[in-house]
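Each structure below is given as structure tokens.
Two complexes, one shared chain (chain A), two partners (chain B, chain C).
Now for the complex of A and B:
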């Protein structure tokens, strides 16, 4: 073959280049990720999921939940709030500074009760400047940092998801389509009981839900000598015939445990929110 | 039309296409350099230099560092709240108002205003018997709920109790807790006397 070596070389460079870009570089950048401490605390994050939740992760995978759900909160910006925590010994001086920097003073009870959020939607520089002025006047302030973005506004999380959030997930089920809400913080929004009701009959807890019910994860059976303690407490229109009960299978229990374990709210160095 | 055809045919039939050795136009070189420059500027501003901690919308390690909450009373209070929710909130309530027949309130409690050793003694050694909180009598028993906490965590939770829900009794440092722990070690649980 004419130019065989050249073609081989070109293919090699093309594949090697993408391997470096897609495999080697991320490994070098994030491969060493490990548990970190939560900001302002001695607790570590993340802690591995409990065993039942880890099994639930494969139930999540097997049922294709990731087709309709993502597990990744995005953030587009940061905003600062200035909170007055102490008006100091000379409240009048602090009040004057607050008027100067444009704090809304229509509140009759100013400056009580403290702490009081006096400025919102600032950049870090603006917040630092305002905090400097108030501190000079003898007051004490805190600067709260909050994430912003459409996902945050929908209440799907307090901060964006970062690599640490997925440290113990294998495979990571980011998902790519959002027919339903993001689930990165599903565990922070609802408990395992709610998840079971929602899986059996989404409409029983979420009016007009379009999520398909996952009835086959439950067993409808005749009530034995005593009703099962795990039986779902369904509203009448979703309940089975009298004398029957809906009992979650082990898979459903694992899935609910997994969903309850989904919470990425800890403030981290790479995703600060405070306090 | 026929002229063009003729001029093509006028070349010898077996002559292949040849490349001339004319130089690359200078504007292409300039454009390439400009694009490289803009690319480098964009990279510098947005890449965070591949720092694994830096995610968009943060653009550099310095910017990220500037957003880190300052450690101090505020963060201690935030941490204290978290410890409180885990170890104390169940009985004394997230609002510090206590629960009837379960635990007395901490909001406005004169016990929170006592000296640090006496206050630290309650979570460290427990509290049994009749006490008065905000003019009401309680006669329950609290286990040493905070005995297993580190000095830093206990200092944070005591700071939370002294500085939340309208209380204004000042922060507690880990060293003060350490001293209190030393002072009360070997002593019986807090005496069930009224604070004043």
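Now for the complex of A and C:
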């Protein structure tokens, strides 16, 4: 390469390519995204967070919570189970089909009581095939779909996170490190009150926690004429001196509201589950 | 200094860069120490979570990004720009004109870093990794960068030696690269934010391009100037370097979107594919360094700067391979969300880039300022401190990160146990940070002492000029020259 213009051209080609690919194209594909409908329902998803939780998202950002916590659940696959809900008019035929497809028939009262889970651990195709056979024989079945993977098994969510979950977040704080647990469904696991106790003194509710306490989000003050209704009910070893109480500041309340609003469990077309 | 002044205008070239370089490197050395102090504070919280827990400015979630940004924006970028200015002037044999502008730009840059870091610590971070500086800081940084890059490009255009060297390609590309990615990221994430997960995608694109491509362009460009200098034989070879340059910018720029990201599947797939192809430029760089250094005739004494740059190159290869590994879906299932990621980033920022810059600065600053390093032995000591520091930081975190990832993937192990198992590794890495802090302080000491010696000599010179008798014409001629130099 003999002159500067050529180098500029090289930069333009290379960086321009990835700019189109990872800035322009995602914006064209997802920038105009709207709410989607939840599977088997007429409700839309996501709905915006309540006002206090939206302000709490800003406290979450200001204190860098995303440095240690992710908000994205991973799943490795799905598993299906077939549930017999109705044996129909010809239970004998249904029973025969069930034997054919390998249902364990040791139970003498078969097929009662209904609904009964007859097959588990299937792929979607196997479940559909089994369901088809039983339906032809006159029975009725439901297929339950559950996500699998370590994150799901830990109870961090019911399905993987998808692009739709973050539609109204500003900024989107996915996080990249799990120094602490994933928070994509923190609201489904604990209420705002637990969050406040955990923020003030993590070890008071989570023995051995390595999270730094956020005491600056609380005010330790002398109890006035009567105790504040918001004051934390701490175990004795974390409580302040007698005559004092710990009252959350507005920021702490907002942060707790945000954490309890974190919930991404709706079944979607892009992440189908049917519990 | 004698080696340099052999060439006709080399002294003039060096002298023209003196003040801008001192301004850039002085501030960079300051932020380097600030960054390691902040990183120490953050690391101590793994020994005692209650440490400084009542101070909102020093909570972990603010101190850790502040430490990272102080290293990247405070040290790496101004140091890289300073080295690029010097390399352009040296390779083009053209002195820098209007040196006051880069000086002002350097001061502006460091002001922008100050504004940005204050913003993060006071809770005004934007919340995007590597882009945490609030709006005011980013605007100052972009403006200062444009000024510096403009001056570097003017010096590049005015070069007297018209031939282009491989270092030129890398450094000129880097000059264009940063304003493009930085303005894109700030426009679409901070000024007029796009909606939803597109923010995360642009954030990954920006971070990948800044941390991998920009740093690689500047660091490798610098190394490609110094390798032939140290080994006494030309770069092996020109065409391999050209190949490395093209593949680096073509493939490297697509890296950064993690395989498990909650985005449409084509993006992580494309990104992982590009990351695997990035093995090509990394191996090309390794081959160039190996062939250039092997069989060298040792015309320049080794040690000092050479050790830094050699270690930097080895770190580049290792950190890039770690980055590529993390982009493979199989490996990413284990390493994603673990401490393996921060270990890789630190190896790239400090082990590769900062170490390369230390070597380059220790080499060029004495030539530019015209004084030997005040404490050459401390510079050698810094090499050992920084090298063992970065190894003690990244090796435990990388090993611990893999173990943490395997434990996280086994739901029968409680999350708390996986976190607790990580603590010994994190606590060992504190020792690494302590060594890095000591090493950085020695670097800053050398730079500050050099600035002080130079300022003292200026005052001395001004004093002799003022008190000198004015009769002789030769004396007045030297007076004019000296005054000219003082004004710069």
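Descriptive notes on the structure:
The rule we apply is simple: the second predicted complex is superposed on the first by the 268 of 275 C-alpha atoms of A that agree within 3 Å, B and C clash if a C-alpha of one lies under 4 Å from a C-alpha of the other, contacts with A are read in each partner's own complex, and residues count from 1 in each chain.
As a working rule, contacts are C-beta pairs under 8 Å (C-beta built on N, C-alpha and C of every residue); 3 or more make two chains touch, one makes a residue touch a chain.
This structure is a prediction, so every number in the text was calculated from the model and none was measured.
Chain A is touched at more residues by one of its partners, and among chain B and chain C that partner is C.
Applying the stated contact rule after C-alpha superposition, one finds that A:77 touches chain B and leaves chain C untouched.
In the superposition on chain A, contact of A:274 is made with chain B only, not with chain C. Using the contact criterion defined above for the overlaid structures, shared-chain residue A:30 touches chain B and also reaches chain C. In the superposition on chain A, contact is made by A:215 with chain C only, not with chain B. By the touch criterion defined above, A:160 reaches both chain B and chain C. In the superposed pair of complexes, A:145 makes contact with chain B only, with no contact to chain C. Of the two partner chains placed around the shared chain by superposition, chain B is the only one that A:124 touches, whereas chain C remains out of contact. Of the two partner chains, chain B is the only one that A:85 touches; chain C does not reach it.
In the superposition on chain A, the residues of chain A contacting both chain B and chain C are 29-30, 33, 76, 160, 162-163. Residues of chain B that touch chain A in their complex: 50, 52-55, 57-58, 64, 66-71, 74-79, 82, 150, 152-153, 166. Of all residues in chain A, those touching chain B in their complex are 25, 29-30, 32-33, 39-42, 75-78, 85, 113, 124, 142-143, 145, 160, 162-163, 267, 269-272, 274-275. Chain contact summary for the complex, chain A toward chain C: residues 1-4, 7-8, 10-11, 13-15, 17-19, 21-23, 26-27, 29-31, 33, 61-68, 70, 72, 74, 76, 150, 153-154, 160-163, 165-181, 202, 206, 208-216. Chain C meets chain A in the complex at residues 45-46, 49-51, 53-56, 59-62, 64-65, 123-129, 153, 156-157, 164, 168-169, 172-173, 176-177, 180-181, 184, 188-189, 193-202, 204-205, 209, 242, 245-246, 249-250, 253-254, 256-258, 260-264, 267, 270-271, 333, 336-339, 341-342, 408-411, 415-416, 419-420, 422-423.
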